[in-house]
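Chain nomenclature is as follows: A, B, C, D and E, assigned in order of appearance, with residue numbering initiated at 1 for each chain independently.
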Amino acid sequence: MEPTVTADKPFCLIADLHVAFHGRPVLKAIDLSLDSGGITVLLGPSGSGKTTLLRALNRLNEDFPGHLRSGRIQLRLAGELQEIHQPEISVTALRRQVGMVFQTPNVLPTSIQRNLLLPLKLVTDLDREEREARIEEVLREVHLWSEVKERLKESATILSGGQQQRLCLARTLALKPHYLLLDEPTASLDFKTSRAIEDLLLELQENYRIIAVSHSLRQARKIAGRIIVMKDGEIVHQLDREGIACPETLPQLLEELF
Amino acid sequence: MEPTVTADKPFCLIADLHVAFHGRPVLKAIDLSLDSGGITVLLGPSGSGKTTLLRALNRLNEDFPGHLRSGRIQLRLAGELQEIHQPEISVTALRRQVGMVFQTPNVLPTSIQRNLLLPLKLVTDLDREEREARIEEVLREVHLWSEVKERLKESATILSGGQQQRLCLARTLALKPHYLLLDEPTASLDFKTSRAIEDLLLELQENYRIIAVSHSLRQARKIAGRIIVMKDGEIVHQLDREGIACPETLPQLLEELF
Amino acid sequence: GELERFSGLQGKIDIAGGTAHIPVMNDAARAIMTANPDIVITVAGGGSGVGVQKVGEGLVEIGNSGRSVSAAEMEKYPTLKSFAFAVDGVTPVINPSNTVSGLTAVQIQDIFAGKITNWSQVGGADAEIHIYNRDEASGTRSVFWKKCLNKIAIVETANVVPSNGAMKTAVANDPQAIGYTSIGHVDASVKAVVLDGVAPTQENAINGSYPVVRKLYMNTNGEPAPLVQAFIDYVMGADGATSIAQHGFIPIK
Amino acid sequence: MNRLVTLLIRGWSWFSVLLFCSALASLLWFLLRHGVPTLGLELFFGDAPVGKAILGQVRVWDALWPACVGTLLLVLLAALMALPLGIAAGIYLACFAAPRFRQIMSLSVELLAGTPSIIMGLFGFALILFLRKTFFPAANTSLLLAAGCLALLILPYLIFTTRAALDSLPAGLKMIGPGLGLSHLETVFHILLPAAGRGIIGGVILALGRAAEDTAVIMLTGVIANAGLPHGLLGKFEALPFRIYFLAAEYQSQAQLDSAYGTALVLLCLTGLLYCSAFLLHKTLEWRWNRQ
Amino acid sequence: MLNRNSGKRDFTAGGRLTSPAGRIHFPGELLLRSAALFSALIIFALFGFLAYFSLPLFIEGRLGELFSLHWRPFQGQFGILPMIVGTLLLALSALALAYPLGLGICLFIHGLGPALLARPLLLLVQGMTGIPTVVYGFVSVFLLVPLLRNLFAHGSGFSLLAALLTLALLILPTIVLLIHSQLGQVVPALRLTATALGIARERELLYISLPASSYGLLAAAILGFGRAVGDTLIALMVAGNAARIPDSAFDSIRTLTAHIALVVSTDSQSTTYQSLFAGGLILFLTTAAINLLLHRIKSRACPSGDGS
């Protein structure tokens, strides 16, 4: 089933979301409705809760000790808006549809190939050949194929920082989730590769609903259909396409806020 | 002893350096002489060997399996240029003078405070109060103090990505090495914090010899006294202050190369 | 009385070897050490072979054995001296619930040789016979094999248990069992088999009508030192005899 | 298909736990039923006055006190010998050894782990005979020898777990020390070891339990049924597991058999105590690691 | 993993870069190395000792006697083949029973069971290592053996089956704790990755965490097997000790260790006694062979040998 993004219907509704760890609030009263097409980019100072907000969407915060949440999150799953915390929703199934790439690359301590094959094997029911074809496809997409095609059997932990980051992106893409949560997907990539990934994301926005954290204004401008600015655990500003297009608004705004 | 950087004398000489892992060459025939003041910035595509070059300077490559090296590296230690591979040089002492901050933050799985105190205790002979004063000082320098001052005893692993990166930078600064090897020190920092760190580095260049990897052209322009461009394990270009200052050269060059 | 011979003596006696001896040794040690705190006596087990070896090597002052010292051992340790101090009878035992009460020596031999395999063949219920044997190191086995089984080859499927206590436990719990044990160990939990019409009791062992008996020995390496001699004398004296009888053995004067 | 595997695994893990618990429960129930009625001062001290017996002024007969002291001393001594050796060897293997040496060592440690305890006992016994004939004619089986042989027995457990705990630390952690200019030794002792502490403590607990319960080794190397409190390192001693074995094999009356269960319960409590102290130690270490 | 290829490393005192004459080797490493060497030496000492004592049998070429089927010392037959077979049968079957159970318990502790039960269960298992072997033996003599006798109406209950059930319970905690201590290190780092990919807990454990703790899995198997082979008292008390190769699980068997315990108290100079050491040597060699085999399997399974 190829997911298609239909515009103008909200696919993500967050109402009064509070998240705290060990009693310290990290997200405060987040209200958000994401509807139109385009990539949503989260901006904000370090420690402002961007990662935590992403993790709230696939319920990964629950895996950390001391986590406490209140509020509702609805995502469009199988065509309908559904509350993700309702007991009928299986966390595992949710996370299969809501893929996430972490800020720091977290490769499995095994071979490059296995890093991709294993999740495919565990999560999808592709046969061996399909899996291998899929691997090559995603590795090409993230521009890693030429660098690793001769050493697929070597350990992934010896890859360079940027290579690991692209590997993790490939791993998530291979599973073809409906949502993509990307936590600084190009942080340690050179600008050439960064641009290629940005182009890839722009292509992918046709089929995936993408929410990305970024620290680069240039990047945000280029890919964002909507920008959300966070500070101290709150959403302090939202910009739509017009706001982004205007060359002054964004830098001004950020200068003010930070 | 406060190290002072004297200009116009080379402090780092690399001659015909080859590095390979498991027989695959990663650095090829590197020749380099760094002399004047200012920060040296390494640019280059992902996987081009920047990290490996940094690691060569504090002999950290030796800690990875399958490592093979030929060629000479000389650093100015205790006032004199010395070959770092000669048997009289203790690796440990070398690494104390050549501090490194990794690309992916690697905090100790213990409290924030202990992350800083433990190395200080082991490496320096400061007393307790001096150590605590030093901690506060470096945490302020990297703009982390206000965010963590109330939770110094909490685990460092729960910090956000950018916070961890600043913590690692602080940990190295606290030891006051003579050299600073920084592998993308601002990769996951917002631009405001990035700028503050850049300013910090510009200040530090008075007292430290700094070699940094960066992916941001803007950043390289701002801080670099010299830019070294790498590709496929080789140094393909070097730019000095004039080259950097000229607004066209750099983008053009990079566009060509990549 | 008996304990006076220890007055003025001091030192230590280490004792090891046959396990059947231990209760008697403990009684003696306890009485002697209470009367004269300068004397330290320790008592260990290990089995007859260990007893002989340890005393031969000089590791202990007294090594106990439930059989006489073998020719091979005598050759290795020519200075060993043995003191027999008690007689112990060995009796076949069965589970108290078994209706059989008496067997002939030939029947027992056939059972242990594997020729009779069902209790119905010797007048009991229709049930498989479970044979329990002791290990080769056992003095009990040695005497039973010589004097009751007439040195036949014991069937290999027989279970082997490592001690008199384990034999009692096994037979007490298994209604189809047959085994053998020292008369001293027989109590209500097992039934001693009347052998060729002679009941296995202490009286019958003393008067010689019950044939399956052995001696218990204390062995020393060369002439015993005064303290050790005093200990041996004490065990073989009146107090010792009481304790020996109390534990089910027959004292030798 | 996927669902089936998932269900099977989950089912199997529940099944294992239930089976294990019921087996353990029946074992404990049996032990308690027979052992609890025998518990009391008399089990420990016989008819000797308690105070004097504890101080060692009066010899205790037919009771547990000397065996308790003997076992405690034995475990302490064995731990004293094996812990430094085993943990040091494990650290060396994980962090220092050349690959060649590592391989050979791993194999020999595995061999040692597979050596039956009774052979360790035989070894100790033969060693004494050898010493008597050569250097020390007065050598004899003793508390020291038994502890030494027990140390051999638990050594591989310590080496294995120490090495495994260090080996499986994440790679990023291993780079912290070198990156900061800590010496390899400092890295190992101040960063890697504390981080691996939990795994190592697991091995220590296993080893202590093993040392407290083994019978076959000490049987041949110096334990006896009736020694009183141990007379120094070179004296004979009593131990709880041997006492259980002895009573179980040579009991003369039902009362003696029952007291074997009482002894087993006591031994159980003793090892429980050992665990608690190991656990506390672990907690203290962790606390100090986190809070200076 | 660390520093294995770093060639020469030195530990110069203080922060000095150079030390002209005579580098000071830090004594710590030397200490560690001697500890490791000493541990290795012990093995060779043990081996030498076993070899020395069984030497007469080899020299006099009476080895054939050992490898016969009959143990009848009074008739001069010293075959220990039945004991070798018994040992292997018992240890392998006990391991085959206990290992999957142990794994199941570990998985339960690491996320398949309710988190509330995990900790108590772990404590229970840890506590269990303190139950003396002799107690297992004794309880099964009174509980398990009569049960088996009545259930199957064949044999006396003292049998391979009884011994293997008891032994499996004995080695279970060893297996659980060893696997657990490895999983405990590996799981937290990998769990987040796996769970974010939408991989269910069961599969994460099975396909990611367990393979990543392969050394612990191997150690558990080896130590578990070692414990099973080396156990003396359980076999002695409940296996029946008949010195013959069993026809079924209900038959009585004798292990080498029980054999040693039974024979050790006979006269010390006889062939009987020497055959003990030969038995010990064979036990030793058996474990060696099995270890080598496991190593082979492991190195074939993950050739890079890295990433743990």
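Here are some notes:
Heads up, the rule we're going with is that a contact is a pair of C-beta atoms (placed from the backbone, for glycine too) under 8 Å apart; a residue touches a chain by one contact, two chains touch by 3 or more.
As the structure is a prediction and not an experimental result, all values here were calculated from the model.
Listing every chain that touches chain A and chain D alike gives B, E.
Distances between chain centres, each the mean of the C-alpha atoms, put C farthest from chain A. A centroid comparison over C-alpha atoms places C as the chain most distant from chain B. Each chain gets one centre point, the mean of its Cα atoms, and the points for chain A and chain E are 47 Å apart.
With each centre defined as the average position of its C-alpha atoms, the distance from chain C to chain D rounds to 35 Å.
Chain B has its Cα centroid 29 Å from the Cα centroid of chain A.
Chain contacts: chain E has residues 1-4, 9, 11, 142, 200, 203, 212, 237, 261, 264, 306, 308 touching two or more partner chains.
Of all residues in chain B, those that touch two or more other chains are 63-64, 92-94, 96-97, 104, 123. Looking at chain C, one finds that residues 46, 162, 166 touch two or more other chains. Here chain E touches chain C in the complex through residues 70, 72-75, 141-142, 145-146, 149, 154-158, 236-237, 240-244, 251-252, 254, 261-270, 272, going by the rule given at the top.
Of all residues in chain B, those touching chain D in their complex are 58, 60, 63, 92-102, 104, 106, 108-111, 113-114, 117-119, 122-123, 153, 155, 171-172, 175, 177.
By the touch criterion given at the top, residues 21-22, 24, 43-47, 51, 64, 103-105, 147, 151, 154, 158-163, 166, 183-184, 187-194, 215-217, 254, 258 of chain B touch chain A in their complex.
If you check the complex, the residues on chain E that touch chain D are 1-4, 9, 11, 26, 28-29, 31-33, 35-36, 38-40, 42-46, 49-50, 53, 100-105, 107-108, 112-113, 121, 124, 126-139, 142-143, 169, 172, 174, 177-178, 180-182, 184-186, 189, 200, 202-203, 205-206, 212-213, 215-216, 219, 222-223, 225-226, 229-233, 237, 256-257, 260-261, 264, 276-277, 280, 283-284, 286-288, 290-292, 295, 308.
Residues 46-50, 52-53, 70, 72-73, 76, 128, 130, 132, 135-137, 151, 153, 156-162, 166, 169-170, 173-174, 176-177 of chain C are the ones that touch chain E when the two sit in their complex.
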